[in-house]
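One structure, as structure tokens, below. Some questions next.
Just so it is clear, A, B, C and D label the chains in written order, and each chain counts residues from 1 on its own.
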Amino acid sequence: MTNIAFIGLGNMGAPMARNLVRAGFKVSVYDISLPAVRALAEEGARAAGNAADAVQGADVVISMLPASQHVRDLYLGSGGVLEAARGDALLVDCSTIAPEASKEIAAAAAARGLAMLDAPVSGGTGGAAAGTLTFIVGGEGEALERARPVLAAMGKSIFHAGGSGAGQVAKICNNMLLGVLMAGTAEALNLGVAHGLDPQVLSDIMSRSSGRNWALELYNPWPGVMESAPASRGYTGGFGSDLMLKDLGLAQQAALGVGAATPLGALARQLYQLHQQQGRGQLDFSSIKYLYRAD
Amino acid sequence: MTNIAFIGLGNMGAPMARNLVRAGFKVSVYDISLPAVRALAEEGARAAGNAADAVQGADVVISMLPASQHVRDLYLGSGGVLEAARGDALLVDCSTIAPEASKEIAAAAAARGLAMLDAPVSGGTGGAAAGTLTFIVGGEGEALERARPVLAAMGKSIFHAGGSGAGQVAKICNNMLLGVLMAGTAEALNLGVAHGLDPQVLSDIMSRSSGRNWALELYNPWPGVMESAPASRGYTGGFGSDLMLKDLGLAQQAALGVGAATPLGALARQLYQLHQQQGRGQLDFSSIKYLYRAD
Amino acid sequence: MTNIAFIGLGNMGAPMARNLVRAGFKVSVYDISLPAVRALAEEGARAAGNAADAVQGADVVISMLPASQHVRDLYLGSGGVLEAARGDALLVDCSTIAPEASKEIAAAAAARGLAMLDAPVSGGTGGAAAGTLTFIVGGEGEALERARPVLAAMGKSIFHAGGSGAGQVAKICNNMLLGVLMAGTAEALNLGVAHGLDPQVLSDIMSRSSGRNWALELYNPWPGVMESAPASRGYTGGFGSDLMLKDLGLAQQAALGVGAATPLGALARQLYQLHQQQGRGQLDFSSIKYLYRAD
Amino acid sequence: MTNIAFIGLGNMGAPMARNLVRAGFKVSVYDISLPAVRALAEEGARAAGNAADAVQGADVVISMLPASQHVRDLYLGSGGVLEAARGDALLVDCSTIAPEASKEIAAAAAARGLAMLDAPVSGGTGGAAAGTLTFIVGGEGEALERARPVLAAMGKSIFHAGGSGAGQVAKICNNMLLGVLMAGTAEALNLGVAHGLDPQVLSDIMSRSSGRNWALELYNPWPGVMESAPASRGYTGGFGSDLMLKDLGLAQQAALGVGAATPLGALARQLYQLHQQQGRGQLDFSSIKYLYRAD
């Protein structure tokens, strides 16, 4: 019987923790929001009064927080996870943060003899609720094998990207590319429409040609082309523009750190920044289409 | 029995004309290069002394030329196709040129009562030789039906993009997006590699995630990741960087013409321009990877 | 006594023609707008019924039109300037158009034995009214000397950029750089303001440091920093964003023509395109500041 | 008689400390490089064995270090300046670092009752040697007045940008704009030259028109145009491309921190990154011209 501590019960963390409870794990939960803790407690989790309390006696500690600083505070702070965790606990941070932060925290954990994985996810709140997330994992292979049954209760795909921090790097690379695909696809469709082409016909042609990509095929940014896509329901739901902007910012930080050239990724970040400034940060990230055409 | 005039026997035109001969069509060929004409004549085509001679009595006229001006001269010039063609001939230009030029020539043809299609291709010299090209066609649906048996002898996919010029627009949109996909993919892989990730592992992860795209899956720009790709044979063969630069230029002209914003497409053109200036225009277009990392 | 034909009496052409009348030249004017012709006639010009009529007997023909196609039609069209002009007339086109168009028309003029200059201006409608325009001239030095007294009645600076078309090239290079300066200055000020700096203090520091440039010093895009600038009067007057977008488009065409890399110029054009799409094309071009900060 | 501690005797720090000695101040110096310390000692400074030793009893502490982390370590580390400085010492950091780091260190100093200024410089090694640097200062006005006589011995211009960190912000904004000016100027000149214009003539025209800027007028990037510029002596001396790349990176970090859009600044950083990857990081930053034209 595995005891799990789950810290961070936001839009992603809450449904992930819920799936662990449903899978039969014994789950202690903590969040700074008391209502969030209570909601999980009503579904069978144990409500912890603070992080140290949640972590007490846990076999596996899972965290899902907004940004690097929160994760640093949780793990490295006084009364934090590294102080409170059992000596053989496995630590799994599912937050999307800077690879440098992941490496720094994993190194501090290792200094205490604790194994730690960075395991950022993709799949959004829908995937979190359905238990179909993708985990992109950095850390030791052995630790990943220990974590696998727990991750499997929350997702359906698990990739091993490499050592500590590699999960963050791979996710950041993927999402930088995704930002480029989405804006590039909106741009190509807009150019065609401006010349009088039907966006559906053009989408069909490019989907079966060398312009084919995830955004075009599964998440078409033009309203009406794909019934199931956020573009066809007012750009609601999905993956928010603000979150894409955050990930594109992480990519720029990662690029600055190693002196890598990323001209398209840098420009995609700027486009999402301009998009946000026009008041559209809350809309799904395919709404970048508005930058090209207002109606 | 259909008589075909084929004008323009370059790297693409010659194998296309050859496939028509092999399919049993009666083909008259012309090119400014006499050796090119002779080579086709040895394979069963009739060698014409000039364009007007080739076009004489043809049911279908096909052209495959480098740029707008050549096509304009061929069709609109004195002694050109519009003067020499039979009153019921069908005109099919397979060149990749500016949509405005296609529309202008089609309008002049229509004024003489001649139907004309713009039918740019994708698939490269390999597809031309194998008869597996993709045709992206602009013009009347009825004219396309007349052309279909002829196009089918040279390719395997035929898309109808819309009216006159729409074939050019759709191809330009697709290739602009392709340029963005290729440079974006090289950039994402380089960022990962700069952080110590294995390009093969990262490619696998992104191919099964939202970074998935044609360039990543079928034409990976990183050497060694995909055995069949130009990147794994010194960036030889394939679709040249110079040709990508030309298509990205056509996209910019098309965008200027209608006042469409194409920030990523514009930047992709600049990146290929810089790449060319570094002496790599002859290499396959996936060699844009060199812009990010020299070795 | 010099007879001048002046064709094109728009926002720029009308005050230029007026200054020629005031300087004592005998001026025949023509425009497709009858009221524009009448207004000049009331100030002492001779109203011509068409271009050929205006040009009849003129020593110097001056044109000021919106775009390449208008200039081509005026000079090369049937009944146009090249047919109607006296054999020793000097032709001066002050329009800002593509260098290729200027060269083509000058070559056609030369074939008829006529000297022609491209002489685009800077200084805006204010400079046109005050007679303080700058002329950037392409063509033979001898022809420029003949034109000098006429140009001097409309402007205060005359630069000789080189042979035919060089006036256009120099103006396009200058205005591309100006677009970069203006957007770059707005961007730097916005970055400082976002960090709490006073835009006036930051402008002063950069004006006396290596960030110094024409836009910062004479045309500050931040409201309130420079009382005399359009930014301090709601971005009215000045040089419109639509005109900057046109010039940045000419720069991209010029760059495509020779295969020159212009990454910053290309991006500046995209930024002005996005700016225009937000409905601000009519505002002064320093209003690009709105792209960075809405208030 | 003012006692000064000077820490960091690199290319900039050494000549700055030398000028303080020459001005009659009593200067204690420290650097991790023993030869650097010895060289200053031979000119009349007191050689300190470590930072704490140098700071002991100093009225004013000046530091000139490469990056944020070095400055953090020096001031905040165990045995660092904040521990060792006299209770009424004035701290002046002349390094160019992230504004956030400057603010953090100044706040820590304030908590100990110490006044601190961030005072990054411009003017390069030439200005440091000649004592003609420009200081861009953030912090309290009163502290700046105390520092003024000391700064005046090393430079000729002193700007007060605002509170803590504002000196860094203003310098970063200026240098981001400078990077845009330099690359934009090289780009405009290259476009003209590609069209056959003389770079000298084009520079003259733009210098007297709205393209005028610091880079064009004082630091022309085209070889041969300006005898005194690095471009005319093989791009040696001056301000290195690597340093410009560092400052453009600081600008991107500063922009990420506040969510400011900086499309041109971001692209300029990418261009300098590509330039560095071509092996030209050691050349003067005007050598960005090579990115546009190899010869």
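Everything below uses one rule, namely that a contact is a pair of C-beta atoms (placed from the backbone, for glycine too) under 8 Å apart; a residue touches a chain by one contact, two chains touch by 3 or more.
This one's a predicted model, so the numbers in the text were calculated from it and none came from an experiment.
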| item | value |
| --- | --- |
| Taking each chain's C-alpha mean as its centre, the one farthest from subunit B | D |
| Subunit C and subunit D: spacing of chain centres that average the CA atoms, whole Å | 39 |
| Centre-of-Cα separation between subunit C and subunit A, whole angstrom | 51 |
| Sequence positions of subunit D contacting 2 or more other chains | 259-263, 267, 274, 277, 291-292 |
| Pairwise touch network: line, ring, star, complete, or other | complete |
| Subunit A residues touching subunit D - in the complex, by the definition given at the top | 245, 249, 252-253, 256, 259-263, 266-267, 269-270, 273-274, 276-277 |
| Residue ranges of subunit C in contact with subunit A within the complex | 267, 274, 277-278, 291-294 |
| Subunit C to subunit D touching residues, read off their complex | 99, 122, 134, 136, 157, 159-163, 165-166, 169-170, 172-178, 180-181, 183-185, 187-192, 194-198, 201-202, 204-206, 208-216, 219, 251, 254-255, 258-265, 267-268, 271, 291-292 |
